[in-house]
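Order of writing sets the chain letters: A, B, C, D and E. Residues in each chain are counted from 1.
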Amino acid sequence: MYVNQFLFLASVLFCIGVYGVIARKNAVLILMSIELILNSVNINLLTFALRNGSTDGHTFALYIIAVAAAEVGVGLGLVLLVYRNKKTISVDDLSEMRG
Amino acid sequence: MQHLNILAAQWVAPTIDYFGLAPELVLAGGLCIVLLVDLFIDERKKWLLSVISSFTLLAAMVPVLMLGLSETSVRSMFDGRYVVDNFSLVVKSLFLLAGYVVVLLSSSHIEQGEYWRGEYWFLLLTSLLGMLMMASSRDLVSIFVALEFLSIPAYMLAAWRKRDPKSNEAGVKYFMLGVFASAVMLYGMSLMYGVANSTLLTDIGAKVAATGEFSAVHALAVVFVIVGFAFKVSAVPFHTWAPDTYEGAPTPVTAFLSVASKAAGFVALVVLLYTAFPLAQDVWQPLIWVLSALTMTVGNVLALKQHNIVRMIAYSSISQGGFVLMPLAVAGLVGSGSTALRAVVLYMIVYAATNLGVFAIILAVSNKTRSGEISSYGGLFSYAPTLGVLMTIFLASLAGIPPLGGWIAKFVAFQSLIQSQSNWGYALALVGAVNSVIAFGYYGNVMREIWMRPVPDGDVTTISVPGSLRLALAITAGATLLFGVLPGVGLHFADLAEIAGAITR
Amino acid sequence: MIAQNIGFWIIAVLMIVAALRVVTTNNVVHAALWLVVVLAGAAGQYILLAAEFVAITQVLVYIGAVMVLFLFGTMLTRARIGAESDLNNSYKKLGIPVGLIMLVAMGLALTRSFGAEKLPDSAKVVSTQEVSDQIFGPYLLPFWALSFVLLAAVIGAIVLARKD
Amino acid sequence: MNMLQENNWLLSVGTFLPMFGVVVLMLMPKAQDQAVKNVALITSIATLAVGIYTAFKFDFDQAEKLQFVADAQWISVIKSSYLIGVDGISLPLYLLSMIITLLVVIYSLDHVPNPGKPKAFFALLLVLQTGMAGTFIAQDLILFFVFFELVLLPMFFLIGVWGGEQRQYASIKFFLYTMFGSALMLVAFLALFFKTGAESFSIPYLIENGGSIAKNVQIWIFAGMFVGFAVKVPMFPFHTWLPDAHTQAPTQGSVILAAILLKLGTYGFVRIALPVLPDAAREWAPYIGGLAVIGIIYGALGCLAQTDMKRLIAFSSVAHMGFVMLGISTLTSFGVNAAMFGMVAHGLITGMLFFIAGSVKERYHTLEISKLGGMLTTMPRLGWIFGFCAMASLGLPGLAGFWGEFPAILSAYNPAEGLNQTVFRVFMVIAALGTVLAAGYLLWMFQRIAFGTAKDSSSHGHSSSDELHDVTTFEWIAWTPLLLGILVLGILPNLLFSVLDPAVQATLSVFGG
Amino acid sequence: MNLFAKESEVLAPLATGWFLEHAWLIPVVPAIAFALIILIGKRLPMKGSELGVLSMVASLVLSAGAAYQWIQRVNSAAEEQFVTPVIKSWSWWQSGGLDFGIGQHIDGLSIVVLFVVAFISTLVQIYSLEYLRGDRRYTHFFAALTLFSGGMLAMVLADNMILFLLGWEIMGLCSFLLIGHWWEEDANSRAALKAFFTVRVGDIGLLVGISMLYFSANEWTQENLGVSGFSIRGISAWALSGEPNSTVIMIAAIALFIASIGKSGQFPLHTWLPDAMAGPTPVSSLLHSSTMVVAGVFLVARLYPVFFVGLDILGSGGNLIMIIGGITIVISAALAFVQNDIKRVLAYSTVSQLGYMMLGLGAGAWLPAVFHIFTHAFFKACLFLGAGSISHSASHHSFDMKRDMGGLRKVMPITFATWIISTLALCGVFPFSGFFSKDEIIDNVGNNGYNTFMIIGLLGAFMTAAYMTRATYLTFFGEPRGASAGHATHDAHDAHATHDAHAINDLHGPHESGLLITVPLMILSVLALGSGFLNATPFGESWERMKLWVEPRAIEVVVDAPSGGPGESLIVNLPSAEESHSKSVCGSATPETGVCYAPQLQHAKFKWSKAMISMAIVFLGIAISWIMSLLLFTKRDPRLVGLTQRVKVLGLGHNFLVKKYYLDHLYEKVIVHSVAHPISRAAYWFNQNILDGILHGFAKSTRTISDWVYKNVDQRVVDSTVNNSATFTKSVGTAAQPTQSGKVSQYGALLFSAAAIAALVLVIINT
């Protein structure tokens, strides 16, 4: 197996995630797209861990998973907050401040 | 795979230098106390929490000072993943003191609104704890965790005025963009780990170079990691969240974000540049150069357009960030590394003092005018001369006019650019020079309102400034003047701040 | 090796298709389900990469917890279960060039650096103990820190999300 | 360069005493206007007293040496120190700043301009004084820069708060202009510092080592300094802030601006730019001289086009500073002496003219020349004082203005070695033409304002007979020293030249005599 | 034969004395008096005038004493011994290694002019006591008058050009103040401005000339004489040393001469002088006829060696000085014909006479020119004061001869008598003083070979006689008209009538003036009659006192001429008609062999035949003019009255003269207006629109840039890097969205795209 096949998979996922966060306006969907990106990072880390023969990548990936969970929690909290005030979770509607 | 087994077999509990961790431990203890006390005290006694918070921060200063005075100059833990060196001590005290002032700014403010006070203090202290961790972190995992540590509470604090849609919006934008940026950064970090087979910055520093077999991926990694922190320091074009978030967030939180959070970004950036990418300066120098020039310029020209004071200060602080970045654009050149570091640290110190002062004034004035418009400052000098003079001092300092603190910060930044004696350095110095003039356009505009315009609503009752704000003003104004008149003081600390293990040429 | 390779490609194609569906589907719940596919695929890849513990964690945390969060979020914000027309920005096509440039940059760098480098053949599965030794060894401090992060996230999210 | 270090506390006290006054003012209650005035007055008197004592202690036989030198640690990290001292070049300007401040304070005792706020007004005046005095004593580039910039803000507010109709525009313009210049100047200072081996910012050190910088580098560094100083002077084409600032500034602001602030730029040339970068100075000299004579003619033409008295005087400053710059551009000690003298003389004379303009404005409520007239009949004393100053300003021999103007022209005949004589001789003739134009605009103004009969007072609603009182006591006290100074320096120029000359010669020794 | 006065080893000790040694007191006294008048004048019983008069008397005494001792000094010298001037010098100021002195330089020339100035000043001040009585600015008037005298005296005895310049400028200032004395009238203040401004134009020349001389001469003078290049003695010696570069000294001389032209009202800068008559009559008398305006002449006489060498005086053909002088004589005399204002007639006459002085100097007639300064001062002062007397006592402050005068010889006998004496002196009728000086000039001009200029001189004499006769006729003969006939004052155009308190005095009709006016008139007329005898060439050598006392005396020096060395003589042919002799320029540059000091000049032998011719011309002029005047003004001969209207050519000529050759038009309408208005307006426009515009443009463009950035970067880029552009949106076929901002996705797009692009660029660069 080539190193690059994993890395390319990761980069494709990353770019799909990037497309997602740009194209989506539903806040929950944006959060999902972010998960794509974070997963691509994890694939990278684990690929390198295997390539380098070290465990640090595993640890790193675990921390990322944990933090991502926390982020999703916070993100959904914010989404709920916004929803309660504005009755929408479209981030495009969150453009009261600009300029 | 052999060594993994050996490592596993030899596992022993890591030795921890608790003295070195004392500031963090004190702060951690403090925030636990806040959280617990909040559960048990009466609504009317919630003011106690602010007292506890502020004393926690001051108490955390004690070990910082003791560490500074101790014989051991560098304390390294976890195989060098967590290092207490002079640099980290200097920036930790900066965080703690800035945090202290933010507490002072907050205490009267959050009494007024419908805030969750106990949780507010808790989150504020948590974020500060993350910053302390950031100051000492020397490996990718620690830096990542520290970054999230300081950011996640901050996301929520920005949205803390729950019923204000603007505040919600601020929180969401900050959160979203923050997550985007950290995603990019993580990708870069993963590549770094991949090529260096270590998360230790010093190991990465030995590998990541602008040339060689892996130069392309090095470049990609360096750029992505820098983007992550460029977001944090709101460098253009990663600044977009800053104006909206600053405007929408509760003002003390804005003060916190624009000073402490931004400083944390710079701390991480500096540590990375000096320990992790010293060999890749060909990659990051042009990047920082462009970021710096763009940041100064765009921040300035957009600030000129603003009529909301906080938003204007937001753009102003973007532009100030450009000045901090300025010396880093030549930091990789021979002989420039240490002066650039000095310039960055000094700029952060001075900027923190001055900008917090500005926010203190904004809080005090908005208490009366209930407005964020710059025009509401009309005639401030005539009914609140002290506030008027102090605001003038702060703005002049931001504009870099001697003998106020800002000038020495700008001066040292210019100095380090010119010391490089490179054409890029000279060019950036010119850009900076022009920008420092443009900047006066909007600072001067506020001064003009304060001194030369009539009071818009004719209400000339004096402003009663709460005691905590007075203290904050005294501290910040004193520091602003002190740094300006006796720049040696600030420079002394900035000069002390050497990063252990940094490779400078 | 070949089996692994075949496995990789199947999973990879699945993941990419699923990921594309995540970002293009008009149904929030579908998107969440497609995301499950991606995450599960990722877990599969982790196993191919000899990272069993991470793979398990991935399943537990992501598919078990995060996905539930997402679905809760979707429901709490009263999203329709069916298709929705306004999930996307009107300027969503902007995402394509941005993503493509990104991909080019990454692809260029990866190709140039790793070229035809191969992963070591005899990949020994990393044991959970090794990972834990690391977490409680050199990476102890982030672990502590993480506890505070999670605490803060929980408390903050509750405060923000609760009605008051 | 050897320096004398006795009594080295004197300069610091003289410079920072006004700041002490500012602190006292700050602590005073706002309402006590009279007490505020007293404090300001006492402070400025005390400052001048220290200044006079300094002059008394000054060793005039060694005027070429820096005296009262204090060298204290300041910003050791960047190798900048608190190095101060005066020599024959600095001393007159140092004292002039103190005198002018005192006189302005006296004048302000009953002339606090609208909108009042005497406390802030006097505090700003005193801050300004510290900045001005400090600039003249600083012997370290960074210190110089700090003081140089320190004057900006107070002046910004003096113009912006107490100024005329367009004050806000004028003040911002003044500020941005000067800031632009000083930003470039700072960059030049830094480049200088590093090109001399990053050893020290001390001016004496740089003078010793600046000459060794490669010529083309020198030229660039000089360019930075040139912009910084030329904006301040102001030289054509950087002068457009000046008319607005002067016209809009309150009388006191105009006086200080004309008398001292403009000198900071020319002083910078003499003190820093020329001796430190001699090769570049030689290259630049013809251009500076050219801009100077353009300024002379241009300023004069500008004057002729004015209908506003104050604006006219402001434009005349452009012309007069042109003479000063012409003297400097010759790079001869004779020319620089003339320039230094011209600086002091211009300070006294134009300062005085602005005082008069202020008083005219106060009485007539307008400065439109066409609406004035017959001042000699309505207010003979004011009219004659005005006439005296106009005469002094146009360079009448026997009054101070002449000794700045004539030697400057004279010096252009024979510029320093290496400069193109023909070019400078052309400059000389043009400058001489400028003296004629000076006579033209000044006397024309005098004729229109002072001669003739008083214009109909209905144009300004107030009853003129009550308003048009002659010179008041405070005005007399404030003006007499200036008038005496103009006269005494005119008759005994050596009072000043004997102090300047050794120092100027020492400074310009880099140009080989 | 050496023709240059040389200062060499002293043959005999020269007499000196207190007055000579302390001649510097002469200007100091009035200067102090001036200060006192300003300070305490108003509180004195006579409002300060007594201080002025006393100081002038003191100066006069001092000058007289100095003159007396100078004569003694001359007498004490041996035959052919050079009488060294009494020079005293003190250091005034030093700068840039140069030393500037202040001091006195007393020689014959300065003695003469000192005496004249002190004398006329004294008389005019006495006269003014009466004339200006009751004036509201009585004190100021005397202060300015006294200051003027101080300035002029300082200039005269200056030992260096800086002090000279100082005095010169002070005079200009006083001239401004005094012309504008009645400044309430706009015309007066305009005249004052014009005078100052015109003279100032000339002063450029003085500045340039002094500078050039200083820098060219300084080295030589320091080395050889130990004096600076400002020293008059040094410059003179240097000019004759053979050192100077001929171009430099020529340009310097021309520059200085331009100053002279301005100050002495020579063509073409003469227009200010007639206008200056707007000042009070005593001022016209003192400043604008007898003293100040001769400063220009004095400058030429003072630095004669410079002009001598620089402009090649005595060279073949004419030189600048002579040409200007000649033109001035004729032109201004012609202008004098068309004036109706008596003072303007006298003003043009003054210009014309100054032209004679210039002509003389230019033609090498140094002594006659200086002598003409001397005599002219007396008779012209007398004429002006006489005119003042008429307006004061007879014509209600009008100076209009045609309207307000006529037939005054009966009412004002003393004024009439003094007027006639002075007129005759001015016309150069033997034995009045003007004859001895003016005729001598004409004679010497011819003698030195400049025949054309001699004819111009004679023409001038003719015209002088004619216009003075016209003026005299109009004033004193015929029937009284207007105010002189006792009619009520009708808008008298001498301004001070409206201001002077003493208008009350004029309630009664024309009468003779008081003693304070007539006594000075009489004294002056006596001198107008008698002063010529101080150098009465017709009566032989022993009468040529002035020549003895004033002209630098030559000594015979054998110039040793080492071949090719600097001591070599230069032989130049003199264009003299009488005897051909060689002129050598002292080539010696060392004090050992003597330093040249003044050029030796030839004097024409007086010939009665020539004198008679000129006398005849003068009388012809008087006669023709008398007849014309009689016919025109009294008989009102129809053939002459209105001639200018009838005959077009004459009318044009008349108009041309009335309009002062259109020079004023040229100055005011063309030059001044073009400078003051279009050019300065253009410059101002340039200033406001271009230079300020650049600034504004910068500010504006900064704003524009910020607008642009605001709209395009912050909103449009955010809107989507490329996508917001309509084309892109079109190309992907979706409808363009209205520009929005503040959207998270757009922010995200910016973030990611910036990161991607930066990465792409740097990846490409770094591999």
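Please note the rule applied: a contact is a pair of C-beta atoms (placed from the backbone, for glycine too) under 8 Å apart; a residue touches a chain by one contact, two chains touch by 3 or more.
Model, not experiment: these values are computed from the prediction.
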item	value
Chain B to chain C, fewest steps along touching chains	1
Shortest contact path, chain C to chain D, counted in steps	2
Any chain that touches chain E and chain D	B
A-E against B-D, pair bridged by the larger set of C-beta contacts	B-D
Per-chain CA centroid nearest to the all-protein CA mean	D
Between chain E and chain C, distance of the C-alpha-averaged centres to the nearest whole Å	100
Distance between the centres, which are taken as Cα means, of chain E and chain B, whole angstrom	76
Whole-Å gap separating chain A and chain B, where each centre is the average of the chain's CA atoms	25
Where chain A and chain C are represented by their mean Cα positions, the distance between them in whole Å	7
Where chain B touches two or more other chains at once, by residue number	1, 4, 141, 144-145, 148, 152, 155-156, 159, 162, 169, 171-173, 176, 180, 191, 215-216, 218-220, 244, 305, 441
Where chain C touches two or more other chains, by residue	89, 93-95, 98-99, 102, 105-106, 108-110, 112, 114, 126, 130, 133, 139, 142, 146, 149, 153, 156-157, 160
Two or more partner chains touched - positions in chain E	710, 714, 742-746, 748-749, 752, 755, 759, 763, 767
Every chain pair meeting the contact rule	A-B, A-C, A-E, B-C, B-D, B-E, C-E, D-E
Touching residues on chain E, where the partner in the complex is chain B	702-703, 705-707, 709-710, 713-714, 717-718, 742, 744, 746-748, 750-752, 754-755, 758-759, 762-763, 765-767
Chain A partner contacts - residues on chain C that touch it in the complex	1, 4-5, 8, 12, 15-16, 19-20, 22-23, 28, 31-32, 35, 38-39, 42, 45-46, 48-51, 53-54, 57-58, 61-62, 65-66, 69-70, 72-74, 76-79, 84, 86-89, 92-96, 98-100, 102-103, 106-107, 110-111, 114-120, 123, 126, 130-131, 133-135, 139, 142, 146, 149-150, 153-154, 156-158, 160-161, 163
Chain E - residues contacting chain D, complex	91-98, 162, 165-166, 168-170, 173, 176-177, 180, 183-186, 188-190, 192-193, 196-197, 200-201, 203-204, 207-208, 210-212, 214-215, 675-676, 679-681, 683-684, 687, 691-692, 695, 699
Chain B contact footprint on chain D (complex, rising order)	30, 73-78, 115, 117, 119-120, 142, 145-150, 152-153, 156-157, 160-161, 167-168, 171-172, 175-176, 179-180, 183-184, 186-187, 190-191, 193-194, 198
Of all residues in chain A, those that touch chain B in their complex	14, 17, 21, 27, 30, 34, 37-38, 40-41, 44-45, 47-48, 51-57, 59-60, 63-64, 67, 70-71, 74-75, 77-79, 81-82, 85-86, 91, 94-99
